[in-house]
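Both of the next two complexes hold chain A, though its partner changes from chain B to chain C.
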Partner chain A sequence: MNKRRWAPFKFLLIPVILYAIWVIAPIFYTIFLSFTQWDGLTAPTFIGIGNFVDLFNDPIFYTALFNNIKWLLVYVLVPLPLGLAFAMFFNRSLPGVKIFKTAIYLPLTLSFVVLSQIWTWIYQPKYGAINVTLEAIGLGNLTVAWLSNSDIVTYSLIVVGCWPQTAYTMVLFLAGLQNVPTEVMEAAKVDGANRWQRFWKVILPLLKPATIIAVAVTIIQSLRMFAIVNVMTRGGPFRSSEVLANYMYVEGFKNYSMGYASALAVILFLIILLFVSVYLYQIFKTEVEY
Partner chain B sequence: MSKRRVLWIGSFYLIAIVISLLWLFPLFIAGTTAFKSMNEIVQNIYWWNLPDEFTFQYFAEAWNQGGMSRYFLNSFIITVPSVVGALFLSALGGFALAKYRFKYNKLILGIFIAGNMIPFQMMMFPVFEISNVLGLYDTYLAVILFHVSFQMGFCIFFLRNFIRTIPTDLLDAARVDGSSEFRIFLQIVLPLTKPALAALGILEFTWIWNDYLWGLVLLASDNLRPVTVGLVSLQGEYLSKWNIISAGSLIAAAVPLIVFLVFQRYFIQGLMMGASK
Partner chain C sequence: MKKLSSSLIVSVLVISFVIGISLAGLAADKKKVVINSYMADPAPKETLKQLVNRFEEEHPDFDVTINTYPHEDYKTLIRTWLPSKKASPDIVTWFAGERANTFVDKGLMMPLDDIWGEGKSFEDYFPKAFKSISQFEGETYFLPQSWYWYGFWYRESVFDKLNLEEPVTWKQFLDVCEKLKENGYTPISIGSKFRWTAAAWFDYFDLRLNGADFHMKLMKGEVKYTNPKVKDVFEKWKVLLDRGYFLDDHTSYSWQEGAKFLFNKEAGMYLMGQFIQDVVSDEKVKKDLNFFRFPIIDASVPIAEETPTDGYMIPKNAPHPEAAKEFMHYLATQQSQWFFADNLNRIAANRNIEETNYGPLVQKGLRMINRSDKVTQFYDRDTKPAMADKAMDQIVKFMVNPGQIDQILQAMEAQRKKVFE
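Take a look at the complex of A and B:
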């Protein structure tokens, strides 16, 4: 009996130690660093809220924050409904549907770096597929330098992210649809509800848990986006496509102001925390019950 | 079948085909560009034209001169131990949290889940610093240790939920027979957890293989870089050589793509279980 009492602690020992060192402690250390000036080499010096004061007077910070909000809005407005539409459309048992689903899922397996390389080529102003197609169908006046026009560059980047994100939300909604009992659907049909009514009145309410998770995951993904920006534009031209995660990386590893970068991390953390708590609440409410 | 139904099914397939083709058009572009010479790309600008000849010359150049072969190998060296380590430790931890009652059970579980939700950029500078202090910076081990640790957040949550569905009677029966707790884990729990481990393993393999940030932050030497970071240096080296960059992208994508196509069921199951449970 005694052995059995200690067993869980033995099993958890290595996982907890590793997690404490590489995940939990760094989170607190970053919070500490955000109150210091640190070049990453010498010892950090405490400067109070100096970094945060600087931050609120930093135009690049506002650009990055504003761009993150653009990412968030487009992510919620496009991949989320589109993923739901795809899930509804492909959720049927006809032969060959699996192949279509596979096709839609594919971008999910690609690294953001691979996506970025492919899309950089597609966006190429002269020989890239988009401008070539626009010229070919007589819309030559719509051609733009997709990645060097500071007004649209962020949207060009968001499109790249929407591609796998739509597939991801589709998976989440398909998982949710599996929990919609067929009897409910049949009953609604018998009651004479049409397709549209069935969707709004029967399916959507039953998809609520899936929707909450999909919304939270989508928001978190949009806020922590790093790779697409870092690979495709490095935040340029003239910092116009900067986002918080990349700005943080640049400040820390290129400009060696890790204290300032940590302050950026803390701000990003607080914004995400807000959304994560909603998500965690949902998980705990539904699953972790003894 | 009624005429209406035939028409309806026919239009479903038509729309589904159009959507799928549009959806995969970026991959089509990468696929054809990788076979075209730069001359062909610049002179015959229409992407819907198939390559004049199918030559693997540009794949070979990306693979050999471009260094993709080295990066490719590095990705395996980093990914395989990371996945195995994360799965084994998480199964152990997940078992402890699923099948034993003790005081801080829920708190520990909560910490693992919460840590997994934190934007990983939050750990960027401290992890860099810890790796430096431990003398691990610029070694595979630095990246592997971080992946194992960070991924445990998701894996423990995932496996704990799965292991909870294993009947406790089975474990008790083994206890009566005098098995130690660790033996019970190895001989009963682990085999029964196989389906969850498969789903999770496929998912983790793809995620870790596709990681970019940690390879970038924790490795400095070119010859240690994983395929994602390597692809970015390939782009720098072969600026505007779209055929070679496309070939390199396809090389970087090949392994997760094949893994996905072969194990799609597990991959999607993993995503669904991870999200809804």
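Take a look at the complex of A and C:
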């Protein structure tokens, strides 16, 4: 009996050790580095909270932070409901539904780098698909340099991110919908609930587990966004599309300010932790039963 | 079927591993040299490989290995090799000037003063002007390989059609711009998405207006960016921007995309390094390309040009320094320098190669440099990375918002203070 009780821990041992070495330890090491000045060549020197003081006086830090908030807001407002809508629509057996499902899912299978490259061409100001189309249908005055107008560049990038993100939430919701018991749905129908009522009063509450995951993933994705920004604009023009993750990368690996980059990482870590824990706390406070 | 193929793969791996070990055993008594290289583009990579092959043929007792890394990754990775006693290669490819000095300063590099052969010195191989970018605190640390020049590239057929001459003075340059514009060309192309193309403009205005000495002081953080002389740079540049001579939406384009506008005759000129020739796919266009020197603005300022130079260094922790030095000697020789330059259309650093060996365009570049008084590397090679990163943002910002010169100068000055004080 005793042996049995310990069995799961033996199996867990290796993953736990790996997790500790590759995930937990680097987090603490990064926190340590954030209090140092380090060029990656010589030993780090301890400078207290100097990096954080610099950070809070750094205009690029605020640009990046606000851009991350834009990413967060749009990500929660667009791909999430859109993914749910697609999931609701596709959750039935109609002819051809699988083809459409696959078509919408497809961008998720592409690497972000490939996706970004494709969209860079679509956005190209002179020969890109969007501007050429606008010209062709007589809306030439609406053409913009999508990636070099500092007022709209961040939104141009977010659109690119929304594409696979919608597919992602759709898959999560589709999986969630499989778990909605048909008995409950039929009971609601028999009780005379219309479609709208069935959606709001039955399906949505039962989708809660899927929604929790979808929202948490959406928040995390939007805050740690790196690939699209790095490939499409590298944060430019003049840092107007910068986000925290890319700024961290540039400071650490291009400017060799490892301490400063670590401070950025710590801040990003805290922001994500805050959002996710507040959200999860709210969710788990009210567990649904049926 | 699947099983078969996977067992096939495993056996191939095992066999090649065994062969690898036995080959390594054979090579055990040879003198080993390990080179880490950032020459990842096909042409330079192949050239270096051939150079090594030639060396090994002449010196059968040597075993030289090249490890190639992508250019951008290399700049990060080298920081992990240099301090390490175990991971350090024997030779690294690197950049002359401030970037080399960064490592020398930290005591990570080995002096090369004994590689020249009996009774010979650095100056027997390289021009005097290269001393300032290769020697630090009186000792040579950097072995220059090859360099290239910057200039205004244009298409001869366009200049011929409009009856334009290569401009020499600022006034003539403005006339050329105006004429190009009148005839429906965008006078100046640039792709500033990755910023450094704009930095070339900043460098040249500073070199032409304030001279190389002032420029290098600025690069070393000894002069404030709020100095009126720096403001002059932007004011002069603003003239071109106000007249609409630059390509629209240039922050959308990489430097290669910017070059396309020149190649397909939508734009007239492009301030760029010699390597612009590497990205022309059409031979007809390549033959039609020519360049001229950045125009002289103030004739009383000694002429300076940008000549980014690449080469080699030996890390302090190199496991086989003696063998590495023998190979470095080979890299400095006339034959090997010529082989490298000739294959890639670069200019060899070795001074003993006759000008007439080169093609006509390279000769023109070489003459241009020989007639200048000073050379510099490039903005992001001459100043510290953290300074270059933030300043290049401001330079591009200026190109888009030329009215904000004062804020831009203040932002640059704030970064100078942070980096240098």
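Quick notes
Basically, the second predicted complex is superposed on the first by the 256 of 290 C-alpha atoms of A that agree within 3 Å, B and C clash if a C-alpha of one lies under 4 Å from a C-alpha of the other, contacts with A are read in each partner's own complex, and residues count from 1 in each chain.
Here is the rule we use: contacts are C-beta pairs under 8 Å (C-beta built on N, C-alpha and C of every residue); 3 or more make two chains touch, one makes a residue touch a chain.
Since this is a predicted model, take the numbers as computed values, not measurements.
In the superposed pair of complexes, A:P237 makes contact with chain C only, with no contact to chain B.
In the superposition on chain A, contact is made by A:Q124 with both chain B and chain C.
In the superposition on chain A, A:G176 makes contact with chain B only, not with chain C. By the touch criterion stated above, A:W200 is placed in contact with neither chain B nor chain C. Looking at the shared chain after the overlay, A:F46 reaches neither chain B nor chain C. In the superposition on chain A, A:A145 contacts chain C only, with no contact to chain B. Of the two partners chain B and chain C, more chain A residues are in touch with B. Using the contact criterion defined above for the overlaid structures, shared-chain residue A:F90 touches chain B, although it does not reach chain C. When the two complexes are overlaid on their common chain A, residue A:N255 makes contact with chain C while staying clear of chain B.
Once chain A of one complex is fitted onto chain A of the other, the partner contacts of A:F56 are absent, as it touches neither chain B nor chain C. The intersection of chain A residues touching chain B with those touching chain C, taken from the two complexes, comprises 40, 124, 126, 253. Residues 9, 12-13, 15-17, 19-20, 23-27, 29-30, 33, 41-42, 45-47, 89-90, 92-93, 95-97, 99-100, 102, 105-106, 108-115, 117-130, 145-146, 148-150, 152-153, 156, 161, 175, 180-182, 185, 206, 209-213, 217, 227-229, 231-232, 235, 242, 245-246, 248-249, 252-253, 256-257, 259-261, 264, 267-268, 271-272, 275-277 of chain B are the ones touching chain A in the complex.
Contact residues of chain A toward chain C in the complex are 39-42, 54, 123-126, 145-148, 150, 233-234, 236-239, 250, 253-257.
Taken in their complex, chain A has these residues touching chain B: 3-5, 7-12, 14-16, 18-19, 21-27, 29-30, 33, 40, 86, 89-90, 92, 94, 96-97, 99-100, 102-115, 117-122, 124, 126-127, 129, 132-133, 136, 163, 168, 171-172, 174-176, 178-179, 209-210, 213, 217, 220, 223-224, 226-227, 230-231, 245, 248-249, 252-253, 258, 261-262, 265-266, 268-269, 272, 276, 279-280, 283-284, 287-288. Against chain A, the residues of chain C that register as touching in their complex are 75-76, 79-80, 82-83, 103, 106, 108, 192-195, 248-252, 385-386, 389, 393-394, 396-397, 400, 418.
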